[in-house]
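One structure is given here, and the rest of the page talks about it.
Note that the chains take the letters A, B, C and D in the order they are written out, and that residue 1 is the start of every chain.
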C-alpha cells in the first residue's frame, strides 16, 4: 500500500508509473488525510532531514471533502486500485461527517488518523486518550460498514488502544504513524521544527511495535515505518504484519513501490517464505 | 528513478564542483532549461533524501550539474567517483519562462541553470532569446566559475565581486539598478535569498517583472509531499517543486518566508 | 557526563584518555548499571546495528554491589571526577539496598534506571507505572540524601512520571534511556534481537522529549540520546537541557568526550551562547 | 581515534580488497600480530559503528588491512579513495599466542592476520616461530589471494579449494586431519565459523590445543560495552574485544554460540 500523504492525491502518480505497474504492484492506495474543510497546511519549513530520517510538519494540507470528491476522486478510482481514504478530524463529529461523506462513493475503506489533537478535549491527541478512541470508533462504525482501519500513533497507550480497536470491530491496525520529533534549524536565535519523524531511523522501533502487537491482538496489522527495500518489507511480514505501507520511499523515488515489491518477491522465493 | 553513470566530478574552485552524468538520450532530450534533477547516491541512506540540482547543461548523452558543497548531501556527492552509478529523477519543475526583453542576474552558484539556457539559445535547441545583458556576481573572482564560458555567449556580461577582485566592487544588484535606470527590461534571477529579495524590490521600484529561481529543501520533487512551500502574498502556498522553481517575484511573500 | 554502560567501569578508560583530559572534559561519570548481585548478562547476539543506530541487549552484565565496591570503585574515585552510580533493581527493595550500600562510599550521587521490569508487579516496567515510580523514589529518598537522578524511559507516561519525580524531590531527570526496538537477524527461520535503540537515529525524538519536558518541569534535565558532536550537544542545551550524557559516541571512539566538548565550546563562542 | 590517510584501496579479487593506511610510526610500532584495528570512515554516521579488521601487515609508516566486502560497512570501506582521511583505533585485542610447535589453518579471508605473523617472523620484529605447516583453504583458486606471498615464507603450504581449482579438492580441514594423524602439533586457526567449529573438534580428537581467532560484530572494541561476548563452557562469557580475538578452542561453548 502507498501510505497517506506520500503520493499526494494521485494527480501526478501516472507521470512515473504506468497504469499497469500501478495495478499490479500496489495493493491499495491510502489517500492523503482528508478533512471536512480545506486546509492550507503549515508555513515553511515543513521538512527537516535527520540521520536516516525525515521530519515533516505539513499540517495536513488538503482540499477538503467536497473538492476532493469532485476533483480528485474520479481519477483515483480510474486506477482500479483498492482505495482507502485517510480521515483527519479535530473532533469526533468531523470523522463521522467525513465517513458519511464517503458513504455513497466507491471507496473501499477508511483509515482513521488518531494522532491529531481532539479539540473538544483541550487538544489532547485521541491517541493518548483510550476512551476518546473508543467513542470515536463506535460513532464511526454507526455510519460506516465497509473496511475500517485505525492508524495508531507509536506513542501513548498503544497496546490499550489496539485492544479497544479490536473490541470495537475495527478491521485492521496501521502500525504506525510518525514519531513526535524535533529538529534544531537555528541555534541562536533558537529555531526549531516540530513534526513527525519517519524513515529507516525509526524502522527498528516500529518493527518492535508490530512484533509485540501481533502477539496481543488478532486484528490484522499493516506495518508502516521506514520501508525502503524488499527486505525491509519482508521484515515487517515475518514480524507479524499482514500487509505494509511505504511512505518515505515514495518521496525518495516515486517508482519505489514497484522495486520494493520485486525485491520482496525474490527474497520470499529465496527463503521459501509465505509460499 | 533513472540510472546514470558518473563520468566526472571535479572541483572548479575550492568548493564548487562540476558533475557529469551519462544516461539515456531520450531522458536527456526531455530536459529543459530551468528544470532540475533529484540525485540519489546509490546504496547510501544517509543523507536519506535525494538533493535537487538545477540542470547546468546537456551534451551528447550526459547532463551536467554545477554544485557548491554546503552540507551533508553535497559533501557526499563531492566524494562520488567516475564510474560510480547514481540514481536520479528528472526533469522536475517548470522550465524558465520564455521572456523577450530581459536581463539575467546571477549570484554565485545561482549561475548554474542559466548556462543551459544560454547554451540552448546558441544551439537553437529551445525557443529562448538572448538576454540583453547578464549580471553575474560572486564573493571573489575565484567564485566566478562560469565567467570564461559567458564571454563567448554573444551578449554583454557585467561582473561584480564583493572583494573587488574582478569587475565592480560590491553587490551585483548595484550595477543592475544602474542598468534599470536606463532600460526597461524584466529580470530573470537566481542566487542567494538576500539577493533575490533585493531583486524583487528593485524590479518593483522600476515597474518591471522579476522571475526568481528559488531554492528550498525538498523531498519528493513530484508534488506528492507538499513539503516545499513558498508563501505567496495571496495567502496561499506555492509548491516549489511543481509550480517552480522559478516564481514571479511580485507574488512571493518574503516576510512570511524568512 | 559519560552515560551508563558506555565506558565500562573505568577499568580501561585511562588507556585512551589522560587523567588530565578526563578531569578537564568529563563533568561526571555515570557508572554501568549496578545490581545487588552479579549479573552475567544476556547470551549473544547483544548488538545489532540499524540505520544510524545501535540496538543493544547487554542484560546489565555487572559484578554486583560488593565486587564493584571492592574492585572498581577505588580506581573510579582516583579520577577525581564526580561519580554517579546507576542502580538497577527488579523490585523497590533492590534499589533501597543498593542506595544503602553506597551510603558510606564517596560517590556523588545515584541514577535510578526505571526502565527495568518490576518483578513484584509481574514484570511491568517501573517506567510504565507512575505509582510504582512514586513509591520507588519515596523509599530511596528515605535512605539517600545526596544527588538523586532518575533516568526516564522515552516510552510510557513520561510526563506524568517526570512530574512525580519533581514532587518527590528528585534532583534531576536523565532524558532518556534507549528506545524499545527490534532487529531482524534472520528471516527464515526468524531470528530477532530485542533491545534498546540508541544513536543519531533517535536524537530527534529525545530532543523533542527534552524540549517538551523542559517546559513542564522545573527539574534540571540531563539530555542523552545520539550525541556524536559538539553541535548535537549544544542542540540539547538550547532545547532546555542543563547537561548532557554521551553514550554511543564512547563506543565509536573512547576519546569522543574530549572532541565533543571542544567542538561545543567553539560553537558556543561562535554563537555567543551560554556566555 | 587516530587519523590515517588512505594510500591505496584495491580489489585483489572480486570482493577482497587490500587497504593501506598511512599513519604515525609510533602507532605502527605498537601493533602486534593477531591484534586488530577499528576503522571509521570519516563524516559517515551510517554505518554508525566502526568495523574491526585484523592487522594484515605493517610496513614503513603504514598498516594494511585485507578485507572481504560482505555488508554495509565493508561496502562503504571499499568506496574509500586514496587521499581520503579515515579514523582508526588500535591496536585492540590480544596478540596471537606464542606457540612453539604448531600449524596454521586459514579459511578464505581468515588468512589476513597470519600474514603479519609470518612477516614479523621473517623480519624478526616479534618473537614468534614459524609454523610447521600452513593449511590454507578457500572456495576457489581466485580466492587464495595470499598464496603468492606464502610460497616465499619458508615453510610448507598445503592448499585446498572447494571446487578443486587449486590443491586438494575439498575442505582444508581434511588435509589438516591427515597431517595431525602423523604429527602432534597445536593449531592456530582463523576462518568461517563452521571451519573453526570443525578445527575445535579435530584438535580435541587428536588431543592437541587449538587457538581460534574469532569474529563477531562489536561496537567499542575497548571492553566498555560488553557487547561482543562468546559463550564459554564454564558458563561465563568471554569479551572478544579484550580477551580475544584469539581464544582457546576447548573453552568455547559452540552450542550456545550458534
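Following the convention adopted for this analysis, a residue touches a chain if its C-beta (ideal position, glycine included) is under 8 Å from a C-beta of that chain, and two chains touch if they have at least 3 such contacts.
Computed from a predicted model, the values in this text were never measured in an experiment.
> If you walk touching chains, what's the least steps from subunit B to subunit D?
Minimum step count, subunit B to subunit D: 1.
> Tally the contacting C-beta pairs at the A-D interface and at the A-B interface, and name the larger one.
A-B
> Hey, how far is the Cα centre of subunit A from the one of subunit C, in Å?
Going by mean C-alpha positions, subunit A sits 34 Å from subunit C.
> Which integer distance in Å separates the CA centroid of subunit B from that of subunit C?
48
> Taking the mean of the C-alpha atoms as each chain's centre, how many Å separate subunit A from subunit B?
35
> Can you list the subunit C residues in contact with two or more other chains?
Those would be 51-53, 199-200.
> Among all residues of subunit D, which ones touch two or more of the remaining chains?
In subunit D, the residues touching two or more other chains are 45-46.
> If every chain is a node and every touching pair an edge, decide which shape results: line, ring, star, complete or other.
Here the contact pattern is complete, since every chain touches every other one.
> Sort out for me which residues of subunit D touch subunit A in the complex.
Interface residues on subunit D, with respect to subunit A: 45-46.
> Help me check something: in the complex, which residues belonging to subunit D touch subunit C?
1, 40, 45-50, 72, 87, 89, 216-220, 222-231, 235-237, 242, 256-257
> Can you list the subunit B residues touching subunit D in their complex?
Per the stated touch rule, the residues are 43-46, 75, 79, 81, 84.
> Residue numbers of subunit A touching subunit C in their complex, please.
Interface residues on the subunit A side: 50-53, 55, 155, 179-184, 187-188, 190, 192, 194, 197, 199-205, 207-208, 211, 226, 231, 234-235, 238-239, 267, 271-273.
> For a test of understanding, state which residues of subunit C touch subunit D in their complex under the given definition.
Its residues touching subunit D are 5-8, 11-12, 15-16, 40-41, 43-49, 51-54, 56, 58, 61, 199-200, 228, 248, 250-255.
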